[in-house]
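To keep things simple, chains are lettered A, B, C and D as they appear, and every chain counts its residues starting from 1.
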Amino acid sequence: MSDMKLDIAHSALLVMDFQTKVVEGYVVDQDRLLSATDGVIAAARHHGLRVIYVVVAFRTGFPEISPYNKVFSALKASGGVAAEIHPRIAPAAGEIIVTKRRVSAFMGTDLDMILRSNGIHTLVMCGVVTGGVVLSTCCHASDTDYRVLVLRDCCSDIDQSAHALLVEKIFPRHATILTSIELIHILKG
Amino acid sequence: MSDMKLDIAHSALLVMDFQTKVVEGYVVDQDRLLSATDGVIAAARHHGLRVIYVVVAFRTGFPEISPYNKVFSALKASGGVAAEIHPRIAPAAGEIIVTKRRVSAFMGTDLDMILRSNGIHTLVMCGVVTGGVVLSTCCHASDTDYRVLVLRDCCSDIDQSAHALLVEKIFPRHATILTSIELIHILKG
Amino acid sequence: MSDMKLDIAHSALLVMDFQTKVVEGYVVDQDRLLSATDGVIAAARHHGLRVIYVVVAFRTGFPEISPYNKVFSALKASGGVAAEIHPRIAPAAGEIIVTKRRVSAFMGTDLDMILRSNGIHTLVMCGVVTGGVVLSTCCHASDTDYRVLVLRDCCSDIDQSAHALLVEKIFPRHATILTSIELIHILKG
Amino acid sequence: MSDMKLDIAHSALLVMDFQTKVVEGYVVDQDRLLSATDGVIAAARHHGLRVIYVVVAFRTGFPEISPYNKVFSALKASGGVAAEIHPRIAPAAGEIIVTKRRVSAFMGTDLDMILRSNGIHTLVMCGVVTGGVVLSTCCHASDTDYRVLVLRDCCSDIDQSAHALLVEKIFPRHATILTSIELIHILKG
């Protein structure tokens, strides 16, 4: 990876589903994940890489949830999840937050519109959980011709074997896999 | 139209772009439009027809607007438009508001997801302007197999000949055209 | 229009629904429409503007048609329409043909994918009928940030007042309106 | 699974990317996969479960492939893949074949349109490879509120640990996992 270059002006860092309740509920080593992600976000801001947050949230009464959706019917029954982003990696003033209603950050949102309107063709992904928002967003992004980078230590899954296999065997079919430290080196040029 | 029936439980009334600034800027006879639309909304609520509002609005700095979009580049240059819905037809507590960034209510929004999640297959449309949000949303809705009704006196366009022609010659290719009074009769059964 | 420039390498000419049966069924002055369109296609090929054809067609038994779609249920009941493009403006070897199942050329097709994969951001539109495929495709293209040009004499509608109003009052909200002769002058540089 | 019911009239069996060259190139135990899939297809036809085939194919010159798409740029460079479906599981007369240009069966195709037009809400999936077409199509289908069943022995991946992990840990988040034998029992009622 050491010779990789990133076209910063046409890239964005996607920070996905880092809501306090998601981090607390699904992450084994919270401090490690939050430290790595916080470091990447700080470096992104310093070097002018645009940071875009994605959260999952619903209107009162959950009108966006189909009774036929297995994942979200269960979430609705459990009372949903608060949209608040973890304070250790909170958005800065003016940073975009995209609110989604399904697993993928593209489904039923204006994310694609925002990315294309700003000439962004490369997406650097962080997210919780690896086998949820990161997987579905990565598959969609690849199929719509974005270049995708996944930061392996800025993703986490309650099932660590699932995380490892996705990062090692599935994501590389669509994406370049990096650590947060590798990305920071690339940003420093 | 007198024998038409509406499957109320699987229908929704879409009230589109009735923002104060849009109504003030583009409607010739504001009182007539607002009275007719207010009457339909009241009847809808009374008879259990779901009311969904659509507004056009942007994040600070307009990151959703492409420099290549003719319509919205002009809007951005003019400073945008306030999202506030006209107080005479304001949403009731709990009614859904969908925020869009383009002309069509479907583009980059969760409207289709909400409609399908609630089993809604028929859309009754009101909007400003006729040749803007109503036209683009009607074309999209028809092509995605919704049954469409357009309330002709609850739509308005700064160009009255354009309004007349769309309502008489173009919309009937995709939709059933009604007046607000006709819809209220249908709702009364 | 005389000082307008076209970025030919990033543009495409869309020739939509020029099927023999559509031309015969919906066009008043067929020779005039076909001559103008044939002239534009020849100039496009000569100057390297990519030509993309769009046709409406269905599999045997019309499995793509919803019983709830007003436009296409009627088409299905009438036996459909042959996909054959009018011989006076037939595709050249290697030119792309996109097959659609609804009014808009974007709905359920790979048109957007093809355009983006080839860096095309400007669409020059011809089609039958003006208030059908041209209108719906123009609205969709504008909302997805393509720059749109409509060739007014290469579009036709069974209703000539509808054609005139769309070309004069509705399309200019989204697009630049040209004649075929004006486009040919622009192509000649 | 023994008490599971399938609403056959509103379901479809998706047979995805079973092209001869894909089966020969990516499947370890071809005979086992083809036997299981052939058995399911025969049972589906016998009991009236609609069978829909999905293949990946391109126009001459690959105009659908973006130079920025990692997966398909590599495929284009290798000369592509023949669209011919393996003769042991060939489509019957009148069965729908959907042609796609990306990994997911929904991307840039009319699959969603066909499914909704026919009232299909449940998808039973077979495909090669598990971590390609099955994974991306499953994620998309779940997020658009289809109920998904994956037939584990009718999917295959060149990487058997990836297949096992997806089927055991990732797909169950979105889908019900069955064997072909279990599905055949359910079809028999």
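Here is the rule we go by: a residue touches a chain if its C-beta (ideal position, glycine included) is under 8 Å from a C-beta of that chain, and two chains touch if they have at least 3 such contacts.
Because the structure is a prediction, the values reported are computed rather than measured.
In this assembly, D is the chain whose CA centroid lies farthest from the centroid of subunit B. When the contact pairs of A-B are matched by residue number against C-D, B-D or B-C, over half are shared only with C-D.
By count of C-beta pairs in contact, A-D exceeds the other of the chain pairs A-C and A-D.
Mean C-alpha positions place subunit A and subunit D at a centre distance of 27 Å.
The mean-CA centres of subunit C and subunit D are about 34 angstrom from one another, to the nearest whole unit. Centroids built from CA atoms put subunit C at 39 Å from subunit A. Within subunit C, residues 66, 69, 102, 107, 116-117, 145 each touch two or more of the remaining chains. Under the stated contact rule, the graph of chain-to-chain touches is complete, every pair of chains being in contact. Across the interface of their complex, subunit B is touched by residues 66, 68-71, 102-104, 107, 121, 131-132, 135-136, 139-140, 142-148, 159, 161-162, 165-166, 169-170, 173-175 of subunit C. Of all the residues in subunit C, the ones that touch subunit A in their complex are 116-117, 145. Those residues of subunit D that touch subunit C in the complex are listed here as 59-61, 63-67, 69, 94, 96, 101-102, 107-110, 112-114, 116-118.
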